[in-house]
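Remarks on the structure that follows.
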Amino acid sequence: MVAAIEAIADVIFENKQFLTDLDQAIGDGDHGINMARGFEAVRTKLSTAPPAADIGAMLKTVGMTLISTVGGAAGPLYGTAFMRAAAAGQGKNSLDGETALQMLAAAITGIKERGKATRGEKTMLDALEPAYDAFAQGLSENKSLLDCLELARDAAGAGVEYTKTIIATKGRASYLGERSLGHQDPGATSSHLMLAALLAYGRSQHQGV
Amino acid sequence: MVAAIEAIADVIFENKQFLTDLDQAIGDGDHGINMARGFEAVRTKLSTAPPAADIGAMLKTVGMTLISTVGGAAGPLYGTAFMRAAAAGQGKNSLDGETALQMLAAAITGIKERGKATRGEKTMLDALEPAYDAFAQGLSENKSLLDCLELARDAAGAGVEYTKTIIATKGRASYLGERSLGHQDPGATSSHLMLAALLAYGRSQHQGV
Amino acid sequence: MKKVLNVPDQVVEEMLQGAVAAHPQYVRRVEGFDVLVRANSPVKGKVGLVSGGGSGHEPSHAGFVGRGMLDGAVAGAVFTSPTPDQVYEAVKAVNGGKGVLLVIKNYTGDVMNFEMAAEMAGADNIAVEKVVVNDDVAVENSTWTTGRRGIAGTVFVHKIAGAKAETGAELAEVKRVAEKVIANVRSMGMALAPCTVPAAGKPSFVLAEDEMEIGMGIHGEPGTHRESIRTADEITEHLLNKVLGDMTLAKGDEVAVMVNGLGATPLMELYVVNRKVAEMLGGKGLKTVKTFIGNYMTSLEMAGFSVTVLKLDAELKELLLAPADTPALVQF
Amino acid sequence: MKKVLNVPDQVVEEMLQGAVAAHPQYVRRVEGFDVLVRANSPVKGKVGLVSGGGSGHEPSHAGFVGRGMLDGAVAGAVFTSPTPDQVYEAVKAVNGGKGVLLVIKNYTGDVMNFEMAAEMAGADNIAVEKVVVNDDVAVENSTWTTGRRGIAGTVFVHKIAGAKAETGAELAEVKRVAEKVIANVRSMGMALAPCTVPAAGKPSFVLAEDEMEIGMGIHGEPGTHRESIRTADEITEHLLNKVLGDMTLAKGDEVAVMVNGLGATPLMELYVVNRKVAEMLGGKGLKTVKTFIGNYMTSLEMAGFSVTVLKLDAELKELLLAPADTPALVQF
């Protein structure tokens, strides 16, 4: 599982400039820098502390590290998301589809409580909530964990596209009013990227076995 | 005589940018601006106050106006020069060569007393002292006032060229040390321009008569 | 990017070290954190005032730590809200037993991070209250936005709530006064040229040689619109009218004014602006009790300025004029 | 030229109007002249202190008019020494019967214009003395130059001679103390980016994107050399070594420090510089009694900074730490 987090960290590092550029267009141009700083700290933490087999314990470390290193809006939101996911995954050493869905639900609830946003306000929720729906749909059709994740990733990607068509009413981009139209949301983008990285990591493991 | 001063003012206005650019290279880029501000004030003064027939009185007005409007190094220097020339020209209604030479001598003495510079330090003196010498030479050869002035103007022009070959040891350009080489001195240039304007004015009057 | 810098990533750390070295009589570092508190913190029997936010707004906020103003300032990464653990440390370090007031500029990230810190401090049984400053009239305060942003008016909150806390007032009283300032202060800014976040390495936006941005935010957030540069008087008139348009002021009312430079705009230009501000306020029969002019809430080396007007009553006036002794604001 | 301006030619006039509007408690205008004096000038029984120079160095010099510092400041055109009649008016306005000390920065124009003013005041039987500040070690003090330039160290002269005058000391005594400061203060600066004189409309010099000028003068006069930008620590080390190299300091000596911004350099960067300054001075066993950090002697919107060190003795230290109450420098 540490490797999965590392895959997430890598995709953030690779897209540091991209996320920053997106944020420069409709925010303050630091999303990539903030996220990269956070996952840099996460990587250091996980490589120095003995990696816990317990998924919950590990995600808690990730969440707390993000909270204390990312700052801005994304820090408390993603930090809370990982903390809540950690609680849902406590005591587990491996993931099944149902647990994964619960963790995603807990993460989203955390983000909504902390940020008081709902779907359609041009935030990370516009990637994450569709992702949750798609994952749940896949699971109800008895699809595999990775297939569900693939559906989630694609839904998140569509959500990112959708953010281009709406006006931001939460976060820094809301100051722009109509001028936020046409731009994709940086937080939705980072959410999509993380799901994509998780999927790619899962597929690579599966092939390897 | 007011028209002569206006001719000087015009040449300063025309060369405001040029003198400023020269000063930008080796000083602080304000010589043209300062001189133009001063002669603007002179022009206003002479057009509002009844122009005195007495050359001395008129030059005193010019000097005092320059002192109180030009500022920087050129203000006190040119101001003093006109004040001293005024004293030498007091009571005269027209100029002969001898008086003109005395006025030039007085002006130069004033500049030297005020600025404590001597020839060869890359200042206006490198235009004015050769001009004086040439004027005196012409006069000793019984040349006309305007011919003497032409010699003076040419000597001043040669003096300007000479300033390119020497290192400044007075004024702001002295901070540059060797790097002032190759640049002509703005103050020497403005002195040369004023002599040239005087000459052109004199010639035009002479032709008109 | 032309800056006097060592490692971009270390700029906040090095700035804090330099600030402590410059002002040891005023501030000390909370060991291990990006937090500066008064040299004599905690002040017993006094409500503690903590503010902070992303770095890059210097002298805000650490420059206002000292007698009569803040007790602690938390420095986030450049233009990025500090994290909750940092704010929490500041709260602990300044709590003199009467609780702590958090002065937050209204940005989603700042509000969330400071709220999380308040929850952490609450778990320690430290009484913590918060106020959120939202003085920037460039942003509409509607349900369609996260609300107006907090900009230079924040300094008036520091000054006046700080003076109130210095009297020994209770937390609720200090909070009430802070909220009164917030209710009565409005600002608006403009930018002529952008700034560069060191870690980003390139300007946060681009303006043409003859263009300016009206309503600019202090993190480079876009303003209301762009247009060709106009005269100082025209720009000032536009900004001040927007500011006054959002306030209820009557002839004879007393106000305080701040003409704030964003970083690269020389004091000369701020004075030219203030000439027009004074003329307009005087023309409306308003009495300016005090004018602050200079760099108070900056945006790195952004060129531009903001104008702030605070409506005073007897209470706010007295607290505004009370003594202060901090690195960036001293008054007898 | 991106500036907040009305008419370039009127910038000094409008600035002075804006300054008087901002600081009526401190300064008033001498009617008809570009001169600001203390609101309560002339102060009877006190030596008057007058400084000034070209405009564009704000807050120098008018920002230092007030109790404990200057009595009057004369504003020339931008970067151009004021004329003698203006200085003369300042002298008359501040003369409280004990004479007037002129504090002049060492530039040919400034020296000549102030000297002419002194002659005019002398004709009125006002006792006038002058001191000429020449702290800039970038310029060699040889017979081949007009001598070192006066830059940010001038503010220390204002502060200390001003405090001395406030004690009621005689003109000769105030002059002696001013000269002691001048003998013990050294500075050097650098620039990353030029400034534009409003009336000129274009930058006073050009630097490449990766270039800096070491030893820059405050009017854009070229410095010792240009080179590629180095780190803040390297630049600071170079400047401070030049400054200290021209002073005689022993372990245990007390100093005051000024890290001065030229206009467009943010406080953040000045703090990064001060970190290195403090480290170097500490490493030499010098004791920094007080650090001034911010924009004191600017050069319009030039980017860059200067470092000033003043060696203190008991007398200078006491006067440095004495109270001051001016628009730009207040201390208890």
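By letter and in written order, the chains are A, B, C and D; residue numbering begins at 1 in each of them.
The rule is simple: contacts are C-beta pairs under 8 Å (C-beta built on N, C-alpha and C of every residue); 3 or more make two chains touch, one makes a residue touch a chain.
Note that the structure is predicted; figures quoted are calculated from it, not measured.
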item: Chain of greatest Cα-centre distance to chain C; value: B
item: Separation of mean Cα positions, chain C and chain A [Å, integer]; value: 32
item: Separation of mean Cα positions, chain C and chain B [Å, integer]; value: 55
item: Gap in Å, rounded to a whole number, between the CA centres of chain D and chain C; value: 29
item: Touch-based graph of the chains, sorted into line, ring, star, complete or other; value: line
item: Chains touching one another, given as label pairs in label order; value: A-C, B-D, C-D
item: Chain C partner contacts - residues on chain D that touch it in the complex; value: 2-6, 11, 14-19, 21-23, 55-56, 58-59, 63, 192-193, 209, 212, 229, 231-233, 235, 259, 263-279, 288, 291, 293-295, 298, 300-301, 303-305, 325, 328, 330-332
item: Residue ranges of chain D touching chain B (in the complex, touch as defined); value: 54, 76-86, 107-109, 112-113, 116, 138-140, 143-146, 149, 197, 199-200, 204-205, 217, 219-222
item: Chain A to chain C touching residues, read off their complex; value: 20, 24, 27-30, 33-34, 37, 67-77, 114-115, 167, 169-172, 174-177, 179
